[in-house]
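Presented below are the structures under discussion, each in the form of structure tokens.
Below are two complexes that have chain A in common, paired first with chain B and then with chain C.
Let's turn to the complex of A and B:
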């Protein structure tokens, strides 16, 4: 393998890692950024998305629509959970963590009980191309495109739309937002639903590349948690981007040079070092540097 | 009545302080009765039942550790079983290597207690000295424990020996991994005549667990009611204000975190001594959510409630496990229902009610607030 091939393959892996990190963390990130709640049932939202995708696909629905159904279904589940359970734990962050972990336990074990340990997976579309040294899966590249689109979409949603304005107001100061006529409860429910829907969508997209079972989401949650810890909740988009780009680089290099397990360990160690240096998250740190330099 | 109360306070001192509910004479009468019943249990139970019950009781230390940091210190760890596992593995590995040479497990015990504390100190230094938010500490601990599980699961190959101990991948340490050497039971004593082997099925093991349990319970009661314990509760209520008053919040959080790791490691060592095996499962999601369920449902702000709730819930999950996969679903519902209906804990809530009844009958002094 010559140097150019090596660089191209590394870049391809980097794009792949970034796509997986963005997709598996974005729903968790939005919920955490908006309400400070870590949704421990995030992996189960992904699982629900994957299950609905698989069931829809085998009911004869075209793959893209099946994946979208997965996202919508998880979103509905998310809204219901927020209304019935999660909203009782706002303002008690640790309790909300435990409560959503309870939900996670019920959903995954319930799926195991009702639907068994494995369901049919969905074939990967598009196929692949390349030479002996280097194979590209078109679907992996497609996922990278989706990840970028989702980030752009979420950015637009929060910066351009009326919902985004209300949501940002609520995030900054729920009391004042309520006083100015924002239905804070509705904003929370919709945000939680949005986070769950994005998780479900990611679950549906990943379902096309892997086996699906009740604990399927747990393959993705540890790295999603690390992404959130590194990113912090202060700035949604820039936090997510900075976190994913740095973690992705570490993971790609270590995975490429050693193995997948050490790649994950390296992410964790990097996260621990980073939080030691900038405890409130990378985006907050960058923001503060920016403000300082502006003040001169 | 007043005289008995004064007597209790003089006898028990800090153990009977205000930060742990349950201070009245009837409460202590119940405690003594419970200990007496527990001490007599081996004469009533069959060997199998005793074996089981010893196992239930050995989980109490893990739960007490979580109760201490979460209920009293406001630090939630979702990966508390990591310390149980590290303790068990360290004890097992050193035990396998040294049992034949030394004939006892003192060094293995020391390794089992020490290693998790060192890991806790390293992690805690990173997290608490960075003044990390509580939710971050909680999920980072979960990530840590899941990565340890992933690591241990891929150690099935022949390259993974530490001395004579084979890590054994997902079979773990023990007779299942096809290796003759399994981790020994605690073998403690001074000289050959006094050496006792604490095998899981023996009464000696049961009394060891019971004795340690009583000691830890009283010791932790004294600890939370000490000056340091009061500062710990102050940190839970408002870390910034506590710091402004001149206390070193970070050092205390770190120390208590290490203490909780020590307690968890006791459960781990007892687990290995009990069954002569340990697998990477103890680092997994389910082992880690269990102590959180026990402590949350029982009542995180009370050591007494934690012990009672843990033993009951462990017993319940074993009964449910016989029915198949339903155990965890039921535990999940119990957790959610408990948190929504009785946020301060079911056992704590019951205790308060019993305390109020005692009050109405005119016995006990502390009444509703400190009853049980």
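Let's turn to the complex of A and C:
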């Protein structure tokens, strides 16, 4: 096989890994980065998105709309959970962790009891292309595009819109924000709902390429958590980008050159080293460097 | 406010306890008695949750159907059979714990447990240590020679050897192995090397995939680069099954033979066609065997009548069904539930009309002579049986000189324990 094919193949795999990491982590990232809550029910938000997508698809709704329904449905569930349970645990990291873990257990086991161990997968759209040597799935490339659009969208939402301004103000100092007339409760609920909706959207998108069951989201949560921990909460977008680009590179190269198991191991080892060197994540480290150089 | 918080916490605590109870509980059917004239107890540890649940839930149903039929027909010498089911949660550790509960608390007469080889070994060790009869009701990597252990599924000489031989003749010698990275997958890959050695095949690639892995972009491209004539799949669990839709989406069009997929996890029912087109699976039983035999047609109908929600009447369901009937025959014949006498009855040459045809429990190896057929998945995911291997004996352990009637080996043999096969070991 020639060098060009090899490079194209590696780039395709890199894009694929990045897409999976971004999509599975972005909802968790927003909830952790903006609210300081570790949402253990993240995987179940993805599961809900996937279930709604599958049910909608088999009810005759076109695939893209089915996926969007998945995201919206998970967002609504997220807002309800925030209002009923999660809001009682702000500022208590461990308590919120246990509470969301409880939600996770109830939702996944509840889905198993009520809906059974599996539901039907949705066909993957778009088909494939390539040469005799290698073929590529258009849908996986499409996922990469969606991942980039989502990052851009989230950036714009928090930096450009009024909601973003209020959200950032609330996260910085809820007391002052409230004094200035921001409806803090609403901001919290919407932010949590947004995180859940993005998780649901990712769940719906992955549903087109995988098996769907009650524990579906748990395939993606470990890597989502690693991505968030490595990225850190200091700066949402740069944290997510740096984390995904570095983790994805390590995983892709080792998987491609050695095997899948060592690819996963290498990603974990890399995350461990990084956390040892930068305990609050890459984004925090970069942010401090930036401030230092500005002062210097 | 303080009061409200406290009551809230209590509520949350209760919710958590409930959730944990839902997650870790087991379902015990019927009352527990421990008298000789009480019911005979079959303890089943099957995954009702976790990665393997889709394949294993029908297995529990197969055991339940057999128990129901036998009890309706009057039970065993006047005694009823009681089925105790624990949810193994797709976790070997749970299998070990529940096996202890089965043997020590429930004093079960037989333990039937394990989907994967790691689950099986966790539970089997407990049963064997306590001299309790153990059944593994699934296809497997074979080689276990143990006085207390019995098997109802296909083993390598009944599926890997004939399956790979068929593929070499049909498609050519070059094969690429994709195997789950644990006991069963590793040993099955060794058997594939043996098959390649015997039938003139060549292994052009081999990948071991961690259980639970769900992303296959790299694997698919590795296969494409190696350009094999066919693939050999030992992909285990709902997550590894995701290989199929991803391979379809990526345009990977290479035929494959699998001893796991389709017959356990019914991927052809779960994934939209044509994801599994061109997959070949050597089977003893799958739901579509109803196209072949009247007994299978009746079995599938009975299963669906008793369990209208069943997703697919898969191979493990039939294995569990057969195992319960084999035990019933042995208990009747022995006239007691005393373990030694029941094992002697099991080793007396029992035969049974299984859904796919007559099966025979080999006294020397505790494995079964099974009728195997090659299933081929069509573009619309219907099944065509393209070859009939006929009944295949479990001959390999006998070739090694195993005879459990006279001597208890109490160990698992690997292909390299066979001096003739050792030469096919990869360098």
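In this section, the second predicted complex is superposed on the first by the 296 of 296 C-alpha atoms of A that agree within 3 Å, B and C clash if a C-alpha of one lies under 4 Å from a C-alpha of the other, contacts with A are read in each partner's own complex, and residues count from 1 in each chain.
Rule of thumb we're sticking to: a contact is a pair of C-beta atoms (placed from the backbone, for glycine too) under 8 Å apart; a residue touches a chain by one contact, two chains touch by 3 or more.
Since the model is a prediction, treat every value here as computed from it, not as a measurement.
With chain A as the common reference, the superposed partners chain B and chain C clash.
Shared-chain residue A:243: touches no atom of chain B or chain C. By the touch criterion stated above, A:109 is placed in contact with chain B and with chain C alike.
By the touch criterion stated above, A:98 is placed in contact with chain B and with chain C alike.
Residue contacts after overlaying the shared chain place A:36 against chain B, while chain C stays out of touching range.
By the touch criterion stated above, A:88 is placed in contact with chain B and with chain C alike.
In the superposed model, A:140 lies in contact with chain C only, and not with chain B.
Ranking chain B and chain C by residues of chain A touched puts C first.
Shared-chain residue A:53: touches no atom of chain B or chain C. Within the superposed three-chain model, A:227 lies out of touch with both chain B and chain C [touch as defined at top]. In the superposition on chain A, contact of A:9 is made with chain C only, not with chain B. In the superposition on chain A, the residues of chain A contacted by chain B and by chain C overlap at 85, 88, 98-99, 102, 105-106, 109-110, 112-113, 215, 261, 264.
Every residue of chain B that touches chain A in the complex is listed here, in rising order: 70, 74, 76, 78, 123, 126-127, 129-136, 138-140, 142-144, 146-147, 150-151, 154, 285, 289, 292-293, 296, 324-326, 328-329, 331-333, 335-336, 339-340, 343. Put simply, chain A touches chain B in their complex at residues 36, 38, 40, 85, 88-89, 93-95, 97-99, 101-103, 105-106, 109-110, 112-113, 215, 218, 222, 225-226, 228-229, 261, 264-265, 268, 271-273, 275-276, 279-280.
Considering their complex, residues 1, 9, 12-13, 16-17, 20, 85, 88, 98-99, 102, 105-106, 109-110, 112-113, 116-118, 120-124, 126-130, 133-140, 209-211, 213-215, 219, 252, 255-256, 259-261, 263-264 of chain A touch chain C.
The touching residues of chain C, counted against chain A in their complex, run 5, 8, 12, 15-16, 18-20, 22-23, 48-51, 53-54, 57, 181, 207-210, 212-215, 217-219, 221, 224-225, 238-239, 241-242, 245-246, 248-252, 270-272, 309, 311.
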